[in-house]
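Encoded as structure tokens, here's the structure I'll be asking about.
Order as written gives the chain letters A, B, C and D; numbering starts at 1 within each chain.
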């Protein structure tokens, strides 16, 4: 089966690659383009560790047909910091010790980023809803929720 | 519909390190010419914080700032042998090995500084901020960086250390079970407040209150991570989880995180932990290891709280709503136990 | 909603809190990598020409393999190699063979029979995951289903299907003598006879999956000089290296394992589930090989925390004292041993929980059943028995008409108490934990319970003694009829058969001193200038001593006695603890 | 290996699907890509539709039409569909909702398919297109009962009447895990009141049978009655009519049967779950 050409913007840069027709976005990002930020956790859409933003909306890269991303804007945690300056969510995750093994962290940050972009002052309930598709097996979620609530009050939190 | 509150408790201890010993850990530490230290290990960080625990123990023992220590783990070409991260052995076993290695490196460091300052090494102390000075005379000092440079380029000394920690393997007696199992134990007591729906059998954990004795706390933020995350796992084990929902019938196993039940971020119970520190005589700075035990008291405390709430004993984990509902039907309804105490003393 | 406080006042005289960075909530070394997604896990490595390995698993719980036909799979697009059991150099292993514990009983790829649903039979290596998955469907395996057994007690009965031919009785063999591990301390039967109340209950824990967000996996790649690089998620790097070296039959220095950064483990990454086949694949193809379990495999075949069935029989006095406890427990190992044999020992050492009881016995079995082999998990050997013990304690409190907290304090072990495995307790703190939890939960305690201490009353009188103990020869290997045998011998009070543990070995320090707590001291007088902030300044820690207690002034604690120098330099050798190892 | 066809028109897609038994429509990907990732789907053609009509929403009038490619997130962003927000929010987490489509939900096996339960209680019609012909509307209930047989053509849209009083429409999903868990069961009720009495009620369940089903016994028990204690009691009595719940990893058949009347009663009485 011939591979298909694919171009999109990844974290602000134009990228191009070739994919198998049924390839998912996760494999394309990780093994095609070398962005190891999104993780493989299930391939089923049940864990959220591959969450990325597609045109600003959260999507699960493992269930996203790669070719459906032609011409679109993909953002991952790898591109979240502005040079050496961390995103307020990244700062808040550090301050609140909101990561242990760190495997769910990229997906959590992306889910939180999608929330704050639309809802800069979320309630606790809204934060809980925003991360409800993301599994964390280490922290019991509490420090993650606290970090997102704290980041919402920090300047620059809406920075996409 | 009726919801019934109940309260239960449990107290436990937990052994630290592989049960019979025989589980060595090694550490190698060396300085670069600028007085920055690398700790080479084969320990594993699964999220429990092995790298940072190792870094703090090394920095404390070396007497240098934490930023001047980097833990490099795990590469079998550079990191010496370690049994691994399990059995609550990381902090205890590896921590001790790091202390031994760091003491050796510190010894060379102080000798090199003594040579530069023309004093006796025994009279030198570190200030933990990158300086070495004569005891009681902070002005007669040299930086760790200058010392390391002198050691490397002038004196020809290796500021390095090696360490192993091993509790020798014990045998077990076949007939009595006599053995030398563990040298350190951590302790805990936990109170769970629950609410049980008598029509659906659903349990809501309202709050939990606990006290943990963990020996010396190496890093309180990381202890909090373990205890809070572990309590969540305890609730999960108590009420939700199993890959064989109808054990020992092996059918209907879950295939994903939708079918494998665990509490979501909307199921979190407020939790208060008090930490006690009774140092372990052979632990690194008295440290034990909170990683494994933090789920254990939650399971029976919740089971006992469910019994206190509605009078149903569920002796088979997990305590599913179905098992409670079947128990209520068998009992002919709710049989609440005595009220225990008042509102908790924390917010 | 989660808060933590430190009670620095308790045991303050046993600690020197004048430390520089120990006890400080400084930022984790790995946190900046985690929040920037720069942390590299085993799968975050790119290799050119990497092959993907998938295994064909048994659809049966128990079946004889009559024939395996891989010809169609070998011809499928992208397939570079198909592995069968015969390709594995040492196709039988048990994890703890590295410490001489137990017999090799588990193949990497099943050859003549499968003993659990999901057991790997054939491995496919292909250019892409999709091609490997497609080729798996082309493998034809002819099975002859066998009767299966799933219950930990049924499997021990005569006539049960043999799950694991290495252990034909369906139990792990202890000391080449018994079908279980014994603990005997005092005389439980006399204890029960003298008790006011005797009660026995059955408890059970179903299996539990570790469910780390990162599934098990590894990447193996040919390195220079005939070596193989392995990116591994193992919880024990050298454990995985040693296991792999044995199975693929290479010297350990031909393997270069890199790991140490793992996306959650909880015990589920000690089994070396993927490394041996990944390395074998790399050896046979000369290409990098990636073998990662998918989530369904991880959930169903990634080895769970094993189930346990526990019977506890207690003798209780009306005043709340427990005078005898007997525990009979069955670990569900699944089809192969893995680490269950060790859990039973750990469980035996844990009996009877953190309490002093004058008469204690336990019989801990490891049963083989036709399910996925179980392994270690957070609290291994203890979690289930703690559940059983503490629910039983709740029942005892009710039977004695006593508050559950008071019952715990009354029976709690204290410094100096003799444990059933015949070692004295030290450094205990159960009483204080109960007191503090009760206070914070506003659970009233009697004045007597509030005054209790782990430092007081332990080891008094008989509490420090090894009692006369009844022995038996019940449960001999191959003789289920002997499970109800008589007492064979009474061991006199004070008898000890196992040499006390040697001091820890801490070879390496230049002065040869084994003094772990002798650490550098800091000048008590600190300069006025504040220290420079650490690279990552954490939020102000919320830890304050409880306000209701004013911590006593902290006198500088005297340094602990210096242990004599240990002359051991690598003289320690592993020896067989139990049973034999037949390779 | 799998091939991919991208179709710019619905009729092109419908034509491929009716001409090729190995062709399969991929919508949001939440069902199909999982089968690809796990190796259940290794041969055939994935058909992808980029026709804007597939994602069209007509929500202003009394008759609502939603393209089969409309996502749960699109429903949640539409204020005119507020009465469906509880059902849309019941599907996955935010990332799944960006992807999951109404059309895909019609094919989700129990215990999934909660949005379809809401549509069933709204008496929705499914617009199907076979080959290159024009679409035909069939009742959702008929579509679901024929679902297992397959071959009904391409689902292009769903249609339903807006409830005259959105407050008379309720959806509730019962999960073990909060806020996102799969269904123990779900219930949707549309109970129009006329002169203080329930008139032509529609009640539907999820996870109480292999597909979402209507609760005809409950509908009969409530029809023409004031929504009072005795009607609710009668509804609970009739709650299990037609139910064939499965035992699965979440709950046993016994448990689902036990709690369905409880949760139905609570919903009807306006009590929290």
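FYI, a contact is a pair of C-beta atoms (placed from the backbone, for glycine too) under 8 Å apart; a residue touches a chain by one contact, two chains touch by 3 or more.
Since we're looking at a predicted model, the values are computed, not measured.
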### Comparison of A-D and B-C by number of C-beta pairs in contact, larger one
B-C
### Message
Using Cα averages as centroids, what's the distance between chain A and chain D in whole Å?
### Response
29
### Query
Which integer distance in Å separates the CA centroid of chain B from that of chain C?
14
### Query
Which whole number of Å gives the spacing of the CA centres of chain A and chain C?
34
### Task
Using mean C-alpha positions as chain centres, tell me how far chain B is from chain D in Å, no decimals.
46
### Query
Do you know which chain C residues sit against two or more other chains?
1-2, 27-28, 30, 130, 211-212, 261-266, 294-296, 538
### Query
What parts of chain B, by residue number, touch at least two of the other chains?
45-47, 49, 221-222, 224, 228, 230, 233, 245, 253-258, 260, 262, 264-266, 268, 271
### Task
Could you tell me which residues belong to chain A and also touch two or more other chains?
20, 22, 42-44, 46-47, 97, 99-103, 128-129, 131-132, 135, 137-138, 140, 142-143
### Query
How is the touch graph of the chains shaped: line, ring, star, complete or other?
complete
### Message
For a test of understanding, state which residues of chain D touch chain A in their complex under the given definition.
### Response
1-4, 6, 26, 28-30, 33-34, 36-38, 46, 48, 73, 89, 92-96, 98-99, 179-180
### Message
Can you tell me which positions in chain A touch chain C when the two form their complex?
### Response
20, 22, 27, 30-31, 34, 36-37, 39-44, 46-47, 49, 76-78, 80-81, 86, 90, 93-97, 99-106, 109, 135-138, 140, 142-143
### Message
Looking at the complex, which residues from chain C come into contact with chain A?
### Response
1-2, 27-28, 30-41, 43-44, 46, 128-130, 211-215, 261-266, 292, 294-296, 536, 538-539
### Task
Spell out the residues on chain A that touch chain D in their complex, using ranges where they run on.
1, 4, 20-22, 24, 43-45, 48, 51, 54, 57-60, 62-65, 67-68, 111, 114-115, 128-134
### Query
Which of the residues in chain C come into contact with chain D in the complex?
54, 77, 130-131, 133-134, 136-137, 294, 296
